[in-house]
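The same chain A turns up in both complexes below, where it pairs with chain B and then with chain C.
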Partner chain A sequence: MARVDLAFATVTFKRKIAYKTTWLFSILFGGWSLLAGLAVWSQIIGDGELGGYDWSAMKAYLVIGFLTATLAWAGSDWEMANRILDGHVAIDLTKPVDFQRARAAEYIGGMTASVPAAILGTALAALAFRPAPPVSALAALLTGISVLFIFPLAFCISYLATMTCFITQRFLGVQWAKDSLVAFFSGMMVPIALMPVWLQGVAWALPFVHFTTTPASIYLGRVDTAGALGLIAAQAAWAAGLWFIARLIWARLVKKVTIHGG
Partner chain B sequence: MADLLAPRRPAGARHVGAVYTRAIVAQIRSITEYPADFWVMASAGVMWNVLQFAFLTVLFATVPDVAGWRYHEMLMLSGLFTVASGSTALLCDGVWSTGQMVLKGEIDYRITRPAPVVVQVATTHIGMQGFGEVAFGLVMLAYGWIGAGLGLAPVPIGLLAIACAVTIECALVTLFCAVNFWIKGPMSNFAFMLIDLQSNAMVLPLGLFPIGVRLLTMFVIPVAFVNFVPVAVLTGHLSAAWLVGTPLAALACVLAALGVYRLGLRSYDSSGH
Partner chain C sequence: MPILEARSLTKTFRRPDKASGFKGALKHLAQRKYKNYTAVDGIDLTVEAGESVAYVGPNGAGKSTTVKLLTGILKPTEGTVRVMGRDPHTERIANAHDIGVLFGQRTQLWWDLPVEESLKLLKHMYGVSDADYKARIAKFDELLDLGEFMPALARTLSLGQRMRADLACALIHDPKMVYLDEPTIGLDISVKDRLRAFLRELVDDGTTLLLTSHDLADIEEVCERIVVIDKGKVAYDGPIAQLKAHYITTKAVNLHLEGPADVPALTEKFPDFAWAAGASPSEVTVTYESARFSTAEVLGSLTARLSPRDLSLSEPSIEDVIRRLYAGELTQ
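What follows is the complex of A and B.
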């Protein structure tokens, strides 16, 4: 990572923690979802099992969902979107810094600010609800690596969503649509294993599944070590692929920028 | 500051209605200038609802009911909430900008104009995703209604429920956005948290949650009256007497929202002071 990337990341990190209430609310947002999930699934599963999840495993799944959602929603989507909406992108084009790389550094810097909140919330949830432990020490390690891949994946998907600002006037609805897709196809709303086979196929063909289902599957031992490494490789491939797709889309859409008076 | 500049005579309802209508019509006129924008945003609004529909369908493929609530009843819960939240985007989307306006001092010139500030702020945008949300929410509500076998007799109750749900939701979003007058920040976190609470918890039967959550959502922040109470009455999970609470909750929320926004304007001291 070059010094300029670190500088961008640091600025966003500091900006995020400057608004302390926002920082605090990043835990509470996920907290509602976790509590609602626990209430629903405890009622549905009871003492039985559903889709291969007993109650203890489902609690672990939901806590991992809380952790991954806290990280996934913590980026600076709005800062990226506003640069396009308010025309700052025109100034960015004059700077000797690659636009996508600079936004990536900023975005990941913003996500990093949520890490303490995510860890604190996950620790509290683990203490309060006593979910199933990881299936092995290696699985715990691979789960950690899988969670790290959420950073580039979240950036690429959010960056692609902000590209719509070249053709729309408001970002809010696009953000909600993007968040909905991530929430549903990641398995945050309902585990992928409970979906019909054809929908599971659709989910596994998309990158969103790697936000929650992949780390949870590795943690709970639903895949063996080779399967876990394969899933992590798929995460890396999606991150790289989306990065280059974003470059192609940017190259086309940036032509829409009009600089008045110049 | 707002006290010094505010008009001494309160604006009449007719004047307020005229200002609101003109501002919203101007926004609709500007929407027609950007048709691509409209379709992208309306489709985005539908997306969340399609996925909520899919969530319920997947869930009920594995279980027959959740806390005594069946598939079509749950669709009605989700549908009514979606209609209400989508309507806020169409009717008062601008209130989400309250935090930004307070930070940048953009409330200043709105205070000097002869119209209520909250109306001016609320009409600075129309959230075009609201068109998709409301349309698909109505589809979900109607599909759930037919599936639950409610028939035509309770339609007047359904219309009252929709009117009250929209009123409560607009009022609560306005109230929670007004918190930014005191807790400064570019994002309306409290309002986001309200929507987050509703989209996670209030599309589920309230009986799933501890008594504290039930009391909070019934009597402190009455989001239960947006969708849960009317749907529970319509489907026989609650007695009809609870329906009286819905318009009362709507009235209380409107008064609270106007009061809090007014207090916020009193404490507003422009930017840089």
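What follows is the complex of A and C.
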């Protein structure tokens, strides 16, 4: 990582924590979602089992869901979109930096501002609800690596979504569509294992599944070590592929940039 | 070799062709129609190193679009641009290292951070050394009083402070070519004066400057050459002094007479001068060709024959000339 990437990431981190109330609200809301999820799923599962999850495993799944959602939603999609919508991209294009790389550093810097909240919330939830532990130390390590891949994946998906602003000139609908795709196909709302088989097939063919289902599957031992490594490789491939696709799209769109007025 | 060279530079935008009202909106939804709009139409522009060029024109003339083409933000529809031998669009990053850009209507400061943080990020972007950064910040502080608001959040700055900070952002890497798009927009007179003095110093130091502004005092005080564009085409390109010498051929005297001014009678009495009614019935303006009559001659004749209560001299400003250029009354 070059110094300029670090400088971009640091600036966004500082900007995020500059709004303390918003930051606090996001933690509280994340905590509330976890509590609500625990309440609902405890009623559904009871002492039984559903889709291979007993209550202890489901608690672990929900805590991982909280952790991954806290990170995945921590980026600043609207800021990236607004740069395009309000013409600020004109300023960005006069700077001697790669546009995509600069946005990635900013976005990931913003996400890291949520890391303390994610860690604190996960630790508190682990202490309070005693979820199932990782199946092995190796599974815990691979889960950690898998969680790290959420950063580039979240950026690439959000960056691709915000680039649609060049065509749509609005972002709200795109943002809703992207958020609902991520929430549904990642397994944040409902574990993928509880979906119909054909829908599971669709989910596994998309990158969103690697936000929550992949780390949770590795943690809970729903895949063996080879399977875990395969899932991590798939995350890396998605991140690299989406990065490359974004580059191609940007190269085409930048030729069509239109910024009216001063 | 010129620092900037644009040949037949053209930019055409596609705009929705939509009828007004609900019906128009529905029709556009079903059958989208677009019209091409040429913002910049075959402009040729050459700027030599160290020149200070004013790029002026009425609203919508294509000034900002030209700046965006020259800085590599937009890709020309036709024509070519070379800045220091590079295509600013395809070689954007290399070009950006050597240019400084300020858009008066858009800030490059990070809104929710202190000014200092924005400048430090720019330092990293341009790879400015610590020593150069310190020296430039000290210079900006001396000339723009930057130090007083360096720790302030950008969103808390006044417009004048914001513009001074933005100017520092545009110049932190000591660019060879600087584009300033409306740098004094919305500023009060004292801040404008300060910025103009700073820009004059910049030009004296050898920086090449392309300045767009609606404030002609910016232009007269900072630039030596003026390029006037209208409807995307160059209407005039030459030294400001030449523009004045060429087009400012008349002078005027404003007279305040004892009684009401009778313009037809005065015209008959002084047929070599042009007479026009003034702001009040007893005021009148007489215009004469400065090549034919000296001011002393005119004043002597008028005071002897009319005994005015008061009089003042006025000279058409560059603003009048440019207004007439915009109106198509003058051609190069």
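Going forward, the second predicted complex is superposed on the first by the 257 of 262 C-alpha atoms of A that agree within 3 Å, B and C clash if a C-alpha of one lies under 4 Å from a C-alpha of the other, contacts with A are read in each partner's own complex, and residues count from 1 in each chain.
The working rule: a residue touches a chain if its C-beta (ideal position, glycine included) is under 8 Å from a C-beta of that chain, and two chains touch if they have at least 3 such contacts.
This one's a predicted model, so the numbers in the text were calculated from it and none came from an experiment.
When both complexes are overlaid on chain A, the residue A:Asp98 reaches chain C alone and has no touch with chain B.
In the superposition on chain A, contact of A:Lys255 is made with chain C only, not with chain B. Of the two partner chains placed by superposition, only chain C is touched by A:Gly87; chain B is not. Put chain B and chain C next to each other and count what each touches on chain A; the higher total goes to B. Of the two partner chains placed by superposition, only chain C is touched by A:Arg3; chain B is not.
Shared-chain residue A:Lys14: touches chain C; no touch with chain B. Put simply, chain A uses residues 19 to touch chain B in one complex and chain C in the other. For chain B in complex with chain A, the residues that touch the partner chain are 34, 36-37, 40-41, 43-45, 47-48, 51-52, 54-55, 58-59, 61-63, 66-67, 89, 93, 96, 125, 127-129, 132, 183, 185-187, 189, 192-193, 196-197, 200-201, 204, 208-209. Against chain A, in their complex, chain C makes its touches with residues 13, 64, 68, 71-75, 92-94, 96-97, 99, 101, 103-106, 108, 110, 112-113, 117, 120-122, 124-127, 181-182, 185.
Of all the residues in chain A, the ones that touch chain C in their complex are 3-4, 7-8, 11, 14-15, 18-19, 87-88, 90-91, 93-98, 254-255, 257-262.
Of all residues in chain A, those touching chain B in their complex are 19, 21-22, 25, 28-29, 32-33, 35-36, 39-40, 43-44, 50-51, 78, 164, 167-170, 172-174, 176-177, 180-181, 183-184, 189-190, 194-196, 199.
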